[in-house]
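All chains are identified by letter, namely A, B and C, in their written order; residue positions are counted from 1 within each chain.
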Amino acid sequence: MSSEAEAPGGVEAAPVDQPSQALVDRLRGALGDGMLAHEVTGGDVWVRVAPERWYDAVGTAKAQLGLTYFCFLSAIDWMQVDLTATKLWDPDAEPSEPPGDGPGHWRTGIAGGDTRFQVMCRLYDVEGHLGLTLKADCGDENPRLASVVGLFRGADWHEREAWEMYGIEFEGHPGLRHLYLPTEFEGHPLRKDFPLLAREVKPWPGLVNVEGLPGEPDAGAEDGAVSEDADA
Amino acid sequence: MMLAALNLPYWAQTLFRVGAVLVVIPVGALVLVYFYLFKMVSYLQSRLGPMEAGPYGSLQPIAEFVKFIQKEDIFPTAVDRFVFGAAPFVILMSTFLVYVVIPAGPTAVIENLDTGIFFALAVSSLSVIGVLMAGWASANKYSLMGGLRAAGQLIAYELPLFLAVVGVVMQAGSLSLQRIVYAQATFKVFGYNSHGLPFVIPQVVGFGLFVISAQAELTQTPFDMPVAESELVAGYMTEYSGVRFLLFFMAEFATAFALAGIGATLFLGGWYFPGVFHIHPSWVRDVLGGGVLFAKLMVLAFVIFWVRFTFPRLREDQLQAFAWKILIPVALLNITVTGVLKVAFHG
Amino acid sequence: MSITEHAKAAYVAGQSADARINFEIEAEGMTLNMGPQHPATHGTLRILVRLDGEQVIWAEPICGYMHRGYEKLCEVRDYAQVTTLVNRIDWLGSFANEVPFVLAAERLMGIEAPPRAQWIRTLLFEMARIANVSLFLGEMGAQLGALTPVFYAFRDREYVLNMIEAVTGGRFHPNFDRIGGLKDDLPKGWIEETKGAMARLREFCDEMETLLADNRIFQERCRGVGVIPREVGLEYGVSGANIRASGVDWDLRRDSDVGLAYKHLDWRVWTHPDGDSFARYWVRLQETREAIGMVEQLVDGLPSGPIRAKTPARIRVPAGEVWVQTENPLGEMGYYVVSDGSPGGPFRCKIRTPSFSNVSIVPWLLQGTYVPDVITILASLYFILGDIDR
């Protein structure tokens, strides 16, 4: 399995081993141009598919590629927020610029992405020991995607959780309702614009100066980062 | 009856007898609770058990007793008040009646009925009514399920209990418990008039059946589905608190004491020990006989509780299958063999 | 609009969120509500069960009573602070929760921990496995009515917890893993004492085998109960000993190399073809013995060297996305960590917990079983509430 250090960008930095390449080729053969981007890193195959082909992609993986184990299904909200600013009860405060100036590609991760919400699903082949992470964009405002409960029954709970945390509608799911949160809960907590109340009241403690290890200079005086022994 | 020597009027004798049983029930239950439920299980589970109340925690059962009687007597709103309140008394009453026939010495028995063992087993079955009353009147689905399970189990395991005892009755030639003890005392081993032989040896199969059925009659693990703690909380006793819960608890241990006493009488020789008839003051015979009976029943109770704390529990259908498909055929076989051997070696 | 089954269940769940209330839905059968406070479920899990007599016709677990919002909390914590949170997911084998996260952060930073650190990580990982599963071995008996073996489990587990405490300072929440290695090295004399503890645990496993696995009544209660067929288990994402008990020969310690020391050890993967509750118990019993053997090999073969790689004073993880999974005591645990390159915490930290998937099979598995078997099945699946609810 190729396990190289993370290379920035969607470029394969090392020769891909044969089973992963075969997987990519067969998937491309089944999906054609539904397969938008792919990357093989860290021993896994990551593939981004067009949202309309999501169900087909998962179905192909299960039926033809031997990926019968359903690892997890979840979502990610790529919107940038600045968590280091203090927003003490000022709902009108403007969000400041995103921190750092990471390379443009970081905003959408491995195999890219176009919209704010992305759903990812990881499947695994227990005999060939091959993992495939499928990703699909689902939209910026009202994210929707096809449900794969018909293919993997275990997706039921994972999709319920993704709906409850991000608000992604899964079409074809037998009953999207709350899994963790009480029935009356409003809002979708894991979205980046859903505030974490504790951080509204008190700023991120990473700004606090912490003393360094004995013999090392204090990490403190700089822009308030933590030393390696932050057991706070 | 030794009381006859005191020339007491009949009403006083009756009062004394009733009082004696009313004392034995809680004392017996408390003794079993202390030795086996507190101490033996604790040592089995590598812990110490109660140590604070009294030396080595010996007064803990009294503390528990007092704790229960000072609690509030709660009647949930939806219960059927009369049935709910009466259920523990029904069970206690059936236990009380069992003590009437157990002999503690050559003349120490509340009432030496000719149908001794038959009477004892018949009245012990009355506790099923109390269990059903408790389960139904509690207006709680858990209790109802527990009550129904208990009723099915108790009725199923009465048959092997009875049939095991029939073997002993055939061997002794009488239903009266005193005569059964005398039969063991004078048992001729291959024609030799020795010190007698407890029926556990010729009736070893019956003894095993009796102990297993007693375990089930007491709803002890492995037959404790009705009070399966990890499933139904406390089964038919879930809604009870305070004194009524104490009565259930005491009835369970008092029944254990009584059944162990009956088992000791039927199979281990009861109050008899070699040399008892040579002791002269008759009241000393009774007291020593009582002590011997107590020791024998504690041994039997030890086995019952040891099994209780070791094995997992059987599921309801497995439990019923065990009773109907295994125990009853074995019991019938036991009776047949006993009868044949009795006729063959008669005389 | 017709009312679906799920809508009814949702209405009812909303009505009686906290109390142990019994209620009737007008459909056939009696609806029983087990939990959230119930002696059988290990923590606050609520299971709605509709019965026809004693048989279950429909069952649904309702979780979320312990939901702490870990994924959101991880986003507002520094990488070094997340290990404190993450200890508390599977609180019986808590060192095992830290390891995949720290490995993910190391992979993003391009750091590799020194060999000694990797070996000691493996060592503590396996000790966490022993601490976790030895409790299961006794506690499954307690669910079935055998009250005594669980006390032996608690007693003998203390030996392992003492060893973990001697190294890390914490019995239950070690918080010992650091990005780049471990916090400290092993104390003096620890290896000898650990060997003694492992000998004691071997005896414990033999005791559990005699008391429970070989017990006729235990086998009657467990054999044939709650069979998970291989395909259904894989569809639901059942992992760990549960799926190995259905005959799937898959163990992430052997099949995926994340840098821990398993490839240097001599051990085997245990599977069982039956897939019933007894198989799950048996597989875990054998795995505990195997873990004891692994600990003994690890303490004998520890390489010397530094305990921590040179990491910058400021942990600043470059942008990237990574997935790391390990074979935790409960199953497959994995962290999907996304970093945006800023001096803060993870941008997204998805925690894939084994018990979440293991419990999602419960509605399918409980259909047609008896009420006592419900307890057996739940006990044999062995979930921990913190793992389900995060």
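We adopt the following convention: a residue touches a chain if its C-beta (ideal position, glycine included) is under 8 Å from a C-beta of that chain, and two chains touch if they have at least 3 such contacts.
Here the structure is a predicted model, which is why all the values come from computation and not from measurement.
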Chain hops separating chain B from chain A, counting only touching neighbours: 2
From the Cα centroids, identify the chain that ends up most central relative to all protein Cα atoms. C
Comparing A-C with B-C, the one with more C-beta contacts is A-C
Chain centres from averaged Cα atoms put chain A and chain B apart, in whole Å, by 66
Provide the C-alpha centroid distance between chain A and chain C, rounded to the nearest whole angstrom. 23
Between chain B and chain C, what is the separation of their C-alpha centroids in Å? 45
Spell out the residues on chain B that touch chain C in their complex, using ranges where they run on. 41, 44-47, 140-141, 145, 221-222, 224-225, 228-231, 233, 309-318
Per the touch rule, the chain C residues reaching chain B in their complex are 22, 30, 32, 38-40, 54, 141-148, 151-152, 155, 211-212, 215, 217-218, 220-221, 370-373, 375
Residue numbers on chain A that touch chain C, as the complex places them: 1, 3, 5-6, 8, 42-44, 68-72, 74, 76-77, 80, 83-84, 98-100, 102-103, 105-107, 109-110, 120, 122, 126-127, 129, 131, 133, 152-154, 156-157, 165, 174-175, 177-184, 189-190, 196, 198-199, 204-206, 212, 216, 219, 222-223, 225-232
Flag every residue of chain C that touches chain A in the complex, lowest number first. 4-7, 10, 13-14, 17, 63-64, 67, 69, 71-73, 75-76, 78, 80-81, 84, 107-108, 110, 175, 178-180, 183, 231-232, 234-237, 239, 248, 250, 255-257, 311-316, 318-325, 332, 334, 336, 338-345, 348, 350, 352, 356-357, 360-361, 364, 389
